[in-house]
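The two complexes that follow have subunit A in common; it is paired with subunit B in the first and with subunit C in the second.
Moving on, here comes the complex of A and B:
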């Protein structure tokens, strides 16, 4: 066959590789900082910009979209060119993809500490950044698809299927979940409310894990593991089954994040069933990965790339077994809202994503710089530090999660809560929080050692920007009769459409009934829209990231109704744009906090939490009394809510400022009686108004609606 | 109550049947297809990452053989 020389673009791979290292370290550093804040609130450096609620999203976004995001691009740009025997279609698009993505990361790193957030987990970035993400994702997709169309290799290897599924699904998820109505340049409200918002958010959240943290890495596993082991994947048949069943099933499982919540029961059950089914493709993939190493396990002892991969794939297997187990309602009743969930997540991120990324970096950097790894010893040390850090982190959180979960549910023989004070259960697990921070620090030190090792490696060689490769010339004559699936692979466009269909079916079947039948969410007559001041307060709650530690979802268990009050009803959230149910209880649930304490209690608690709850690990929020709410937006805010379907009269829209002043004065008066003077337009007053309103609407009715449990 | 609500959607009864048929056909079809592939096709595909480039400079690439 006539051959020709082409050149692979290694420069773009190098750029993404260094970005991966840099943002990985930044993201882990922020992770360690927030871990420390959980036992030492003063570690927030006494500024609002570095307080837990605001920088916890910074940590999650940095590790997911900056660290893992850049690693995906690195892995895809490296493997795609080689699997297709084709240079990336457009160097310009590659560059735009790179710099655009870094700009988005910088924008996130600035806007999140400033408090610009939508509050929806892993989708916190505000709408202008959402649009930028969409554009960059399209640039990446276009570059990839065009490269595939221009390929020299007739067959599309399974890794590329995973890349295509990643591109398509992330695009769909991002767009659907980001429907929001802008209020200002930096503030928007979710198009959906309450239960629907929760359903969309966790359909997104769950599938972001699936199609951002999993499918691209599976694609990379199918490329880099055979490369590193120098033998083909254990079973290519299994990889095909793995691919189709994973993308077909994954999309349905989102509602398992909302078990025992106010989500309709049928949707919860659907989520459970599909979550259990997910074990099959996930473990099929894991086994396929590990068995690829059959016969070369001796290499695993010496090669840090393979070592890292083995721990990564094992972590994938553990996380994907644990996930379905957490989806069982009886397990979920204990695990949800506890530290068990972050433990589960970190098996996925620290082991699967983190260590697989490290493995790829150790694989790629020496190759594109045409040299040897600077120090094998340091790489091995990194392997052990990562593994030990991971174990410290995860075991501490299993311990803490299960302990606290059991304490929340413990009753005395007399039938009262054994630990009625939430804080008592927190103080119990604080040593574990310290161990977690230690584990994170060890993991971070490992990453720093890797950075040093890779930099020294790069310095000892020189980058082959354009790596020559001898490849067969393009086939001009048509092939003999081929089967339909081979034709399908020959038509990446059609293949892409089918992948889209497979993921959309699940999404649509899940959503349709909830959207079509309005009565799926029973409305409660006594539930009224928020007042203008409460809307402002809600925005303060969102801005400070309160949802990071406090849920607003009382599950229908006696242990929860005893502790917090009446369980949460779907109808109570119909005006919540966005929903604020939360996913973690570092502090107590707040859904029935309204009217429980005096305004002055909240004031004092916000200023010095320990004055009201000795031993509390909540940070102080003294800036709430200094920051003034922007009352010029009040009327627009109410109007925006009306556009979204909240039944405000035009009079309320017009009189918004008057109504706000009236309520603010009432609160200021009440505070004055307790000897506290504060500006009536301070964020503090607005937040107190909102907190005092939470969950009180249904108290006015004597009978509450019965929802089939 | 929720069940009753859902019953009010026209034609809701075919939802579960439709979903099941869809699933069954999808997976059965896929499995049949996968296992009917001849060995050479599967082998050829599995080896794609390993012969992805013939290096011009042999000392640079992995020279180990199985």
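Moving on, here comes the complex of A and C:
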């Protein structure tokens, strides 16, 4: 067979590798900072730019899209070339992909602390950045697909199936969830409202976990694990079955993030059953990885690459068993909104994503620099620090999560809540927050040691920018009778079409009825659109990231209705662009906070939370009285909402400023009576207006008007 | 076709036979799926089917609103039983026992301090130490105000969060321990003077604005 010499592009792999290391450390550092803020609020450095609500999304975006994102590109660019025996199709596109992605990360790192956020979890970046992400993703996909079409291998290996699924699905998720109406260059409103926005968001959020944190890593596992172990993959058949079942079933499971919420029961049930059916496909990946190591377990004991892979894959198996368990209503009733959820998430991220990324780095860097790892001892030390840090982190949060869940639900014999004051349940878990921060710090120290080790490794060798490989000409003939799937592996276009179909079905089946069938969101006559001032207040609430700690979703449990009031109804959220249900209660739910306290209580609480709630870990927001809302936008905001379907009259649009001034003056007057003077256009006044409005419309509704499906 | 792959056949089960695949040196075994894994997969299908039938076809399991109604009903029954019992029939009167007053103090410091101050001198809420009362000074008055709150003035109802006993404990603490002391920064008097000697000669109530 005629052979030719080709050159693999290692430079792009190196670039992504260093970016992975750099952003990983930055992301983890921000993680440690916000972990400290949860027991020491003054660690917000007393600026609005470094306060929890704004930099919690910075942490999640940095570790997901910067650390893991760059790691995906690193792993894909390295393995794809070798699996297809061809260089990346276009070096220019590779470079654009690299620099474009870094620019997006920088844009995120600047815009999030400034408060430019959509508030939708893991999709916080504003619309211009959303467009940039779309473009860069297309650049990546185009480069990958063209490389696949120019391959010298007849068939695509299982790793590439996962890469294709990643590309297609992330594109679909990102575009559908980012439908938003721009107000200004840095501000937009979600196209969807309330229940529908929640459904789309958690279809996105859940599948971002699936197709950004899972499928690309499974693909990389299928390349790097057998390579590092030098063992054949355990079962080709298992690869086929678990690949297709995983991508098909994953898409349906999003609603498990919304159990016992205002989402219709049928959608919740689909989320439950598809989550349970996801156990086997997920474990298929785990066992195919772990069983590949049969016969080399002695190597696992000494090789840090394999060691980290084993912990990573085991963590994947644990997290993908726990996830479906959380999807059972009885477990979810206790675990939702508690620290149990971040514990679950961090088993996945710290073990599966973090440690697998470290393993790949330890694998790739010595190879592309044609040298030996600088220090095996340091790598082993890193392994132990990661593992111990992980254990500290998650055990602390399991403990605090279950403690919170039980305390929130505990009743006395006299029929009242045992811990009526939410703060008591917070104070109880603060020691666990300290342990969590310690665990995170240990994990970060491990990553710093790795960075040192890798830099020394690179310095001791020299980069093989264009690595030569002797490859055969493309052989397009099937030499034997092959199965249908084997033939499919040689047809990338058809393969991609089938993947697209598999991932679209679940979303379509869940979205269509929720959008088209009226009875899914019963309207409530008494629920009215927000006033112009309240809209501004809502934007302040979004900007400050209040949703990071406070839910707006009272679940139908006695323990919640006793604590917060009537449980939340779907019809109450029809004007919420975006929805703000939240996913975590570090503080209490706020859906019925309206009218509960006086304006001055909120003022005092926002200025010095401890004055109203002694021991509170909420940071102070003194800048709210100094920052002035932009009233030149008021009319446009109302008009934008009107475009999105909120029934404002044109009169309201025109008189928006007048209405705003009127309400602002009322609040300022009330504050004055309590001895507080404040600018009537301060963010504080707008935020108070919004908070006082929350959840009160339904009080004018008699119970018979509430229709439940 | 998928089903063929999903059916492990013990008679023909292959063990560690390599396929002819070779990708950058990676080989693949043609092993069958582990039978326990296939069993688990089928089991989850059965679970899903039963679950959906149970909730949405035969509706033998309650919807979430029905579940809530059931939970509330169970609590109502339980509470009625408790109230019928001796422990549930606490008379509304001030308590004297040291343990009750200490418990009242704990409840006060956890819940009342933000508005009434640590020493009862009043901040957002009125002074609790002086002789002036907005809503009367009997045990019943205390009980009513704490239970139902004064929503128009910003005091929230506590009957959902504090038990009957706890409300009486905190009321007793206020009446027997805070009342009559001199706070550091007393808020100006509000309401009606209720002095034992001159309680009938009350001043015109000096109501707070709103």
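Operating definition for what follows: the second predicted complex is superposed on the first by the 690 of 709 C-alpha atoms of A that agree within 3 Å, B and C clash if a C-alpha of one lies under 4 Å from a C-alpha of the other, contacts with A are read in each partner's own complex, and residues count from 1 in each chain.
Quick note on the criterion: a contact is a pair of C-beta atoms (placed from the backbone, for glycine too) under 8 Å apart; a residue touches a chain by one contact, two chains touch by 3 or more.
Note that this is a predicted model, so its numbers are computed, not measured.
Visitor: Subunit B versus subunit C on the shared subunit A, clash or fit?
Guide: After superposition on subunit A, which the two structures share, subunit B runs into subunit C.
Visitor: I'd like to know which partner A:612 touches here: subunit B for first, subunit C for second, both or neither.
Guide: In the superposition, A:612 touches subunit C alone.
Visitor: Is A:266 contacted by the first partner subunit B, the second partner subunit C, both or neither?
Guide: both
Visitor: Of the partners subunit B and subunit C, which touch A:5 in the superposed model: first, second, both, neither?
Guide: first
Visitor: Scan A:284 for contacts with subunit B and subunit C and give back first, second, both or neither.
Guide: So A:284 only meets subunit C here.
Visitor: Which partner chains sit in contact with A:370 here, subunit B, subunit C, both or neither? Use first/second/both/neither.
Guide: In the superposition, A:370 touches subunit B alone.
Visitor: Quick one: subunit B or subunit C, who's touching more of subunit A?
Guide: C
Visitor: Could you say whether A:274 touches subunit B, subunit C, both of them, or neither, answering first, second, both or neither?
Guide: Touch partner of A:274: subunit C, not subunit B.
Visitor: Could you say whether A:83 touches subunit B, subunit C, both of them, or neither, answering first, second, both or neither?
Guide: The answer is both, since A:83 touches subunit B and subunit C.
Visitor: Scan A:153 for contacts with subunit B and subunit C and give back first, second, both or neither.
Guide: both
Visitor: Please write out, lowest number first, the residues of subunit A touched by both subunit B and subunit C across the two complexes.
Guide: Comparing the two interfaces on subunit A, one with subunit B and one with subunit C, the shared residues are 79, 82-83, 85, 153, 155, 157, 222-223, 226-227, 232-233, 235-237, 240-241, 244-245, 265-266, 485, 708.
Visitor: Which positions of subunit C touch subunit A when the two form their complex?
Guide: Within the complex, subunit C touches subunit A at residues 1-2, 5-6, 18-21, 23-34, 37, 40-41, 44-45, 47-48, 51-52, 55-56, 63-65, 67-68, 71-72, 75, 78-79, 82, 87-88, 110-111, 113-115, 124, 151, 153-154, 156, 158-166, 209-210.
Visitor: Provide the residue numbers of subunit A that touch subunit B in the complex, in ascending order.
Guide: 3, 5, 8, 79, 82-83, 85, 153, 155, 157-159, 222-223, 226-227, 230-233, 235-237, 240-241, 244-245, 248, 264-266, 370, 468-471, 485-486, 505, 509, 513, 516-517, 519-520, 522, 706-708
Visitor: Hey, which residues of subunit A end up touching subunit C in the complex?
Guide: 79, 82-83, 85, 153, 155, 157, 222-223, 226-227, 232-241, 244-245, 260, 265-266, 268-269, 272-274, 276-277, 279-281, 283-284, 287, 411-417, 420-421, 423-424, 480, 484-485, 556-558, 561-563, 567, 595-598, 600-601, 604, 611-614, 670, 673-674, 708
Visitor: Taking the complex as given, what residues does subunit B use to touch subunit A?
Guide: Its residues touching subunit A are 1-3, 5-6, 8-9, 12, 15, 19, 22, 26-27, 30-31, 33-35, 37, 41-50, 52-56, 60, 62, 64-66.
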